[in-house]
Amino acid sequence: MDLSVKIAGLKLKNPVITASGTFGSGREYSQLIDLNKLGAITVKGLSLNPWEGNPYPRATETSCGMLNSIGLQNKGVKDFIDNELPFLESFNTCVIANIVGKTVQEYIDVAKELSKTKKIDALELNISCPNIKEGGISFGSDSDSAARLTSAVKEKTDLPLIVKLTPNCADIAALAKSVELAGADAISLVNTFLGMAIDIDTAKPKLANIVGGLSGPAIKPIALRMVWQVCKEVDIDVIGMGGIANANDAAEFLMVGAKAVAVGTANFSDPQTTIDIIKGLKIILKSKEMTDIKELIGSFNAR
Amino acid sequence: MDLSVKIAGLKLKNPVITASGTFGSGREYSQLIDLNKLGAITVKGLSLNPWEGNPYPRATETSCGMLNSIGLQNKGVKDFIDNELPFLESFNTCVIANIVGKTVQEYIDVAKELSKTKKIDALELNISCPNIKEGGISFGSDSDSAARLTSAVKEKTDLPLIVKLTPNCADIAALAKSVELAGADAISLVNTFLGMAIDIDTAKPKLANIVGGLSGPAIKPIALRMVWQVCKEVDIDVIGMGGIANANDAAEFLMVGAKAVAVGTANFSDPQTTIDIIKGLKIILKSKEMTDIKELIGSFNAR
Amino acid sequence: MYQQDCKIVEKEQIKSDVFVLTLESKEIASKADPGQFVEISCGQNTDFILRRPFSIHHVKDSTIKILFRTIGRATMSLSSYSKGDILNIIGPLGQGFEISKEAIIIAGGMGIAPLYYLAEQMLAKGIKPRVLIGAKNKKELLGQEAISELGVEPKIATDDGSIGFKGLVTDLLKQEIYTQIPNPSSLIPTLYACGPEPMLYEVAKIANDNSLDNQLSFERFMACGLGACLSCVCETKKGLIRVCKEGPVIGGEELLEV
Amino acid sequence: MYQQDCKIVEKEQIKSDVFVLTLESKEIASKADPGQFVEISCGQNTDFILRRPFSIHHVKDSTIKILFRTIGRATMSLSSYSKGDILNIIGPLGQGFEISKEAIIIAGGMGIAPLYYLAEQMLAKGIKPRVLIGAKNKKELLGQEAISELGVEPKIATDDGSIGFKGLVTDLLKQEIYTQIPNPSSLIPTLYACGPEPMLYEVAKIANDNSLDNQLSFERFMACGLGACLSCVCETKKGLIRVCKEGPVIGGEELLEV
């Protein structure tokens, strides 16, 4: 049975990727699952210099979902290259680096540092983090700035460039189209939905940052609709995510045209989720008498 | 204990309203709860002539939510006035009529018919139904058309005009501001989020319409964030809704500044929800040593 | 129509995936007609938020029974409740069957749930229905014993012939209509059916071909169960009807495309 | 660190809202240090999706115990499990306590959960800790008997004085440090505390004022429990630490603003 897929020319042994920010650099999960089995690992957002992130509390649970306002805390791209990349290299899986910046130049600098290592398989441009004022979403919420950033980074790297879109927009297909035209090699979506929650006893926000990003099964129907719309609109490869918790969920995203899927919040519910999805996809293929995951991809029958 | 609130000058005995489309014309629920206890009843979307709605299947369940693509099936405003309004009139509660149209003129015609009856307390302009191509959301997704429709209807009616916003937009506060400037007396939000679901066995959409509107607890964090942003932006009254299922949820919306709340999907989970929320709000006020719901409204402490 | 917290006074597991719950509600029991249903809240703090519809399977004194198969989240959750636990129930809902003097009852799979109660009520009125039960195979067959105990020997059809007639229950119905000696009373029978939708359409067709009255109990996805949300509609010659309100029992002559 | 399906081999209800579960896991039991915790999946098909952290309360042979109070959706769900049921568990997690030769243990409320195991391990090593337990009132007091049974008579403080010292357990701690005859061994005690955050800060302050080592077990909202998500951070003199990974036991001297 062939589960392999290609994303922007990059071959993954299967279409199951870990979503940025929910899997650390893989180290934490490596004691519980075999990282060699994953299609790819997307690491936590990397900036040029260390970022502190937002104050605590940074996360809370909601109905079938969670809000986070981590705010891209990370030790900077150099620390990652020195201390995490050698670890990741020891596994037989693709590594996708999620990059963030407060200016176009910072994005470019991070991309250059990572490209130099020759040990990264693709870059994911995070223009969709709803948790920080500068950087992230300020680039991603309108088509023009998203396109400008995409082409600026694309010029400076030879790595496949995946652009990660925010769902906090009115027309996701138009946004996708504009980054495609700007040179993106692939698109990933969705990042989290901006939300909030209040502790009614104290009248205070449950997150110190007041608002945070909603993820988990709650958002799956919206994410799936957006991935479908984007797959119809663009010719480049799409990585679908948002609330995927089992093989059926993953199959839905693949059926609407995503070439691969990423699993985020479900890693918290159960660290085995990615492994279970890989197994479950094989069972689904078998039940449909398919032998290649590429038969499943795009098989949605909208009537 | 005073639970009464005013929305656009209209006095409600308490801030708990039923959301349009989830409560029929009240008749169905009148055997299970005392309609006299409600702050207001918002009836199902009314068009000038009968609408057929979308094909079956029209609804499906998702994680902590549901998708619907009813498509505004209704027998037309005349049928409502002749057959439902006399029934509603017999109760001591406010009646809000939700109106829809395929053209600006149709909205105006429906508004005029209803205004003539003198038995409606307010109009809710539904410019946010994601389930029909013409009408509904085509008016509501950009600020200009929303504003034009608002002022066109406002000119032709003396009733308080509530404009119901779609959450499927990039900047909800800007949208709210534009309808405020166009003459809206109040704003209600959110309508449903466009989503979809697939039956992986058949590869077909779970809704015949392919996409539908997501409602229920799943969307509450996003809805609450939007209501908060709108309350900060506009001076007119705001009715908050989206995933409210208990008094705590209702209190969150009131605390961020909504003057009233509407309960939709939760009526399906439990027809007693509205009544339980009214009771629960009293308990919350008591625990906070408040005697007037207006003390709770806007009491959110963002720090 | 009532909404009540009802105690589970008995729980039986009749197959690995089929359960019967007996629920205490004087009010619902006193009003329930065969073919009507209840809406049950199947769990607290669950990831599913809608109630689930179940046919009224039996009424005795102040209790009702429901018969259900565990097929997904809600029915799994329901099967984890025990005797003594409380369920919140709304009912009776919808329009049930109208009882006629001569009847053939056709049950497919779980379709036996409302039809058992119908048979029982007919017998209580002195009407002896003929009963046909269809199932995939002997193992999945439901209701044979229960109907026998009422004093009617049901005819059985299974897809694989592992018990009774080999074939569809609608083929057995055709046999029953075409080849059996007409009932001595010479009354023309009404067909009563509940089961998978293709079966119902086939029954409607057979009824149509033979000019028989027929009452079919339909299933539709239901969000409210009360007639408010318009999610359960079915197109009929009368226009769109709400299966939860104008149904679930629909006259076969009203269906389109039979 | 292991992730396993563990059988509940015993369930005790020790108060109306407090339960002890004994779980079978040779692997977790063999590695668990006092102060470490486990992450438990507290229900299937629920509206909450995150695991919940619980301190390891006791280890014996191939079993571990957890002690928990039902305060919300997950702990309610957990309390509905029975002996024989299976829970999926990850552990042992985090950094536990370092055992020193002389110890004062201060437990506030549920804080007894990890501290009971600590006391036990100390006694097993021949160290006899002094134990102070605080509670709102006699009714809510947890762990007095259990600690006594280990052979240490705990001192009790309740807010309302319904049993023991009337006041905060930290006031009792001050008494213990200032007014008690120094322990004959004349070793300087290390303070070990777990309980509400204000209590922990007060312990750190007392320790600071008296130049005592102190190890405090913190609670933070945890999404992953594994060090991956950065939701459980706490600011310390060393910078931001992850309470699930570098904690939950933190040296009081590392806290800011004591």
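Per-chain residue numbering starts at 1, and chain names A, B, C and D are given in the order in which the chains are listed.
Keep this in mind: contacts are C-beta pairs under 8 Å (C-beta built on N, C-alpha and C of every residue); 3 or more make two chains touch, one makes a residue touch a chain.
It should be emphasised that the depicted structure is a prediction, and the values quoted were computed from it without experimental measurement.
Colleague: Tell me, which chains sit next to both chain B and chain D?
Modeller: A, C
Colleague: Which two chains have the most C-beta pairs in contact?
Modeller: Answer by contact count: the chains A-B.
Colleague: What's the chain with its C-alpha centre farthest out from chain C?
Modeller: D
Colleague: Using mean C-alpha positions as chain centres, tell me how far chain C is from chain D in Å, no decimals.
Modeller: 55
Colleague: Calculate how many whole Å lie between the centre of chain A and the centre of chain B, each centre taken as the average of the chain's C-alpha atoms.
Modeller: Centres of chain A and chain B (C-alpha means) sit 34 Å apart.
Colleague: Quick check: how many Å separate the C-alpha centres of chain A and chain C?
Modeller: Using C-alpha averages as centres, the distance is 47 Å.
Colleague: Where the CA atoms of chain B average out and where those of chain C average out, how many Å apart are those spots?
Modeller: It comes to 36 Å between the two C-alpha centres.
Colleague: Of all the residues in chain D, which ones touch at least 2 other chains?
Modeller: Touching at least two other chains: 47-48.
Colleague: For chain A, write out the residues touching at least two other chains, lowest number first.
Modeller: 63-65, 216-217
Colleague: Considering only the defined contacts, which chain A positions touch chain B in the complex?
Modeller: 62-65, 67, 141-142, 168-170, 193-198, 200, 202-205, 208, 210-211, 214, 216-222, 224-225, 228, 243, 248, 251-252, 255-256, 284, 299-303
Colleague: What does chain D use to touch chain A in their complex?
Modeller: 1-3, 41, 47-51, 88, 90, 220-221, 223-235, 240, 245
Colleague: So in the complex, which bits of chain A are touching chain D?
Modeller: Within the complex, chain A contacts chain D at residues 21-24, 28-29, 31-32, 44, 52-53, 56-61, 63-66, 68, 70, 73, 216-217, 245, 265-272.
Colleague: Enumerate the contact residues on chain D facing chain C in the complex.
Modeller: Those in contact with chain C are residues 43, 45-48, 73, 76-77.
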